[in-house]
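Two complexes, one shared chain (chain A), two partners (chain B, chain C).
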Partner chain A sequence: MRALVVDDSRAMRKIISASLRKLGFEIVEAGDGAEALEVLKSGPLPDLATIDWNMPVMDGLTLVTNVRAAREYRSMTMMMVTTEAEHGQIVRALAAGAHEYLIKPFTTDALEEKLALLGLMPEVAGA
Partner chain B sequence: MSVGFEVEELGHYVEDEALEQIVYQMWDSYFGTTEPPYPVFEPLVVEGPVQCASVSISGARPGLVTITVPDHLAPALAAVMLQDDGELAQDDVDDSLGEMANIIAGNVKALVPDAGALGLPVLARATPRPGRGASEVARLDAAWREGWLSFVVWLGDPQAAGSGDGSGRE
Partner chain C sequence: MPLTTQAFDWVCSLVRKESAIVLEKGKEYLVESRLVPLARAAGAPDVSAFIEGVRVGHDRRKHMDIVEALTTNETSWFRDGAPFTAFSTSVLPELKQSRSTTRSLRVWSAACSTGQEVYSIAMLLKDSVVAEGWRAELLATDISSEVLEKGRKGCYSQLEMNRGLPANLLVRHFSRQGPQWQVNDDLRRMVTFQQMNLAMPFRGVGQFDVVFLRNVLIYFDVATKRDILTRVRQVLRPDGYLFLGGAETTLGVDDGWERTLIGRVSVHRPKNGGRS
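Moving on, here comes the complex of A and B:
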């Protein structure tokens, strides 16, 4: 499986990518929402996108909205991975089209639980 | 001019214990088994250059969250977060410190009623001055390796909202 990790922090991209690689994902990265849209246009569609909220150029909520509006990206699962922890923000993101929401800081176990809920744990998907 | 504002009231939203809990949750998540910082209760003696990352919080009570670390410890802190034993570029150090401030600020924001948006991380060689009317409401000073780490939360006067984002930047 292939995952797109979208975060303006290289440190956070590295942490998330390392966790996903251990689970068997191939990783592509983007530093903001606009760069993520370019990645989506130019390559094969990832199975999963992890998306930060607060980023320069294009934020995560705008990215989710744009992706959800595009028919060709409909099969990609989107998970917000963000420090935005208020209930209202979670509701906004899910209403915009995100499938799951993970609040930073998160443990590897919490990430795996979310992926399992989404049916994206490689061993679950391959079963 | 009376602003009808008490630091104690803002402290009800974010107390030292809440900040400590957020910091240690971040540590457990991203710093693995690396020795944690230990809280110190005496005033820090700040000598020499420092590196500081800050993230502002807009809204009814504009605020600022900072993490300050002595210059010589900043690369070690970033290296642990990145799990990278090699020599780090300053961009990587800045990025790591900025993300730590971002994580803490996001979780602080969730505790503050009518909070607005988070700013993007700002890096500096000194701890920034918070905006007008902001007061320190929570602090964690901690010893780590051959130095210290300092985490501080400022929140502003609700009646001064609109005069800035809490960062002190115009």
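Moving on, here comes the complex of A and C:
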């Protein structure tokens, strides 16, 4: 599987990318929403995009809105990964088309559980 | 200083006596790591010294603090995913048919810890049968009064909220209260929290349609497991369902159950509709 990690913090991109690589994802990165759209135009469509909210040039919410409006990107799952933690912001992100929302800081377990909810991790079956 | 054998043995004996939970040799690390915060709070130089102080002090409250520290477990929303999918896609539709006259369901989360399991079930019921006018009652029990108090309050940190809770359920069922998230009142009203030691008789709990007894039997010896499973059958309706943890089974422990697979999840029902 392939994941696009969109965050203006290089350190945060590194953390998220490392966690996803361990789970078997191939990673592409972008430093803002506009760069992410360029990546989407130029390469194979990722299965997952993790998207920060506050970024220069184009913020995460605008990116989500743009991606959702493009039919060719419909199959890509989008998860906001952000420090923005107000109830209304989560509602706005979901309404714009984000599939999940993970609030920073987060643990690896939390990331994996979100991916399981999105069907991007093998679930643990109850015996 | 590492945990002394004498201190470990005394803690094992205390936990066994108070909760019937068996701490085997090799769990010294667990005892030490869980009791470090208590030892620090008490100003003891290390965990062994703390345990010795409690042992000679005969302070009942401190005994229970130790038991609680060793019987409290990490939990998350919709833990393991698949059992909750089985509950909402298979068990619930069947119960909706068989209970269509009474339009009422009772569910027991028997080792509820801080409440994430029982509120996960409550969210599923709220968005299905309760939305259709059914009555749903949930009992949440645990041996630890501390975790019950947290569950009753229904306040969770951001880190706890990140653990497996779908964002669409978060926005529907929780409100921000400063740095915490609070379960909405309509969901809290569905749940009763009550202290209970599963190794003791279940007094006055009534009958249930579904029992979640997940990831707790692993802590008991076989005789206690059998006793608990037998008593669970007595409070589960004959066509009810029991959910156990992924590493737990009724096989070879209590023959009064039959196992059914829902997808990859095993659910357990009283054999012969409870007539065995």
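The rule is simple: the second predicted complex is superposed on the first by the 121 of 127 C-alpha atoms of A that agree within 3 Å, B and C clash if a C-alpha of one lies under 4 Å from a C-alpha of the other, contacts with A are read in each partner's own complex, and residues count from 1 in each chain.
Assume a contact is a pair of C-beta atoms (placed from the backbone, for glycine too) under 8 Å apart; a residue touches a chain by one contact, two chains touch by 3 or more.
Quick caveat, the model's predicted, so the values are computed rather than measured.
Asker: Taking the superposition as given, does A:Val39 touch the first partner, chain B, the second, chain C, both, or neither?
Answerer: neither
Asker: Scan A:Pro105 for contacts with chain B and chain C and give back first, second, both or neither.
Answerer: In the superposed model, A:Pro105 contacts both chain B and chain C.
Asker: Going by the contact rule set out at the top, does A:Ala85 touch chain B (first), chain C (second), both, or neither?
Answerer: Both partners, chain B and chain C.
Asker: Kindly classify A:Leu117 by the partners it touches after superposition: chain B alone (first), chain C alone (second), both, or neither?
Answerer: second
Asker: Is A:Ile27 touching the first partner chain B, the second partner chain C, both, or neither of them?
Answerer: It touches nothing on chain B or chain C.
Asker: Of chain B and chain C, which one touches more residues of chain A?
Answerer: C
Asker: Please indicate which partner A:Arg10 is in contact with in the superposed arrangement: first for chain B, second for chain C, both, or neither.
Answerer: first
Asker: Touch check for A:Asn54: first (chain B), second (chain C), both, or neither?
Answerer: A:Asn54: touches chain B, not chain C.
Asker: Determine, under the contact definition given at the top, whether A:Met1 touches first (chain B), second (chain C), both, or neither.
Answerer: neither
Asker: Which residues would you name on chain A as touching chain B in one complex and chain C in the other?
Answerer: Residues 85-86, 103, 105-107, which sit in both footprints.
Asker: Applying the document's contact rule, which stretches of chain C touch chain A when the two form their complex?
Answerer: 76, 78, 80-83, 86, 158-159, 161-164, 166-168, 170-171, 174-176, 214, 243-249, 263-266
Asker: Under the stated contact criterion, what part of chain B meets chain A in this complex?
Answerer: 25-26, 28-30, 78, 81-83, 91-92, 95-96, 98-99, 102-103, 105-107, 109-110, 115, 117-118, 120
Asker: Write out the stretch or stretches of chain A touching chain B in their complex.
Answerer: Per the stated touch rule, the residues are 8-12, 14-15, 18, 54, 56, 82-86, 103-107.
Asker: Along chain A, where are the residues that touch chain C in the complex?
Answerer: Those residues of chain A that touch chain C are 85-87, 90-91, 93-94, 98, 100-103, 105-107, 109-110, 113-114, 116-117, 123-127.
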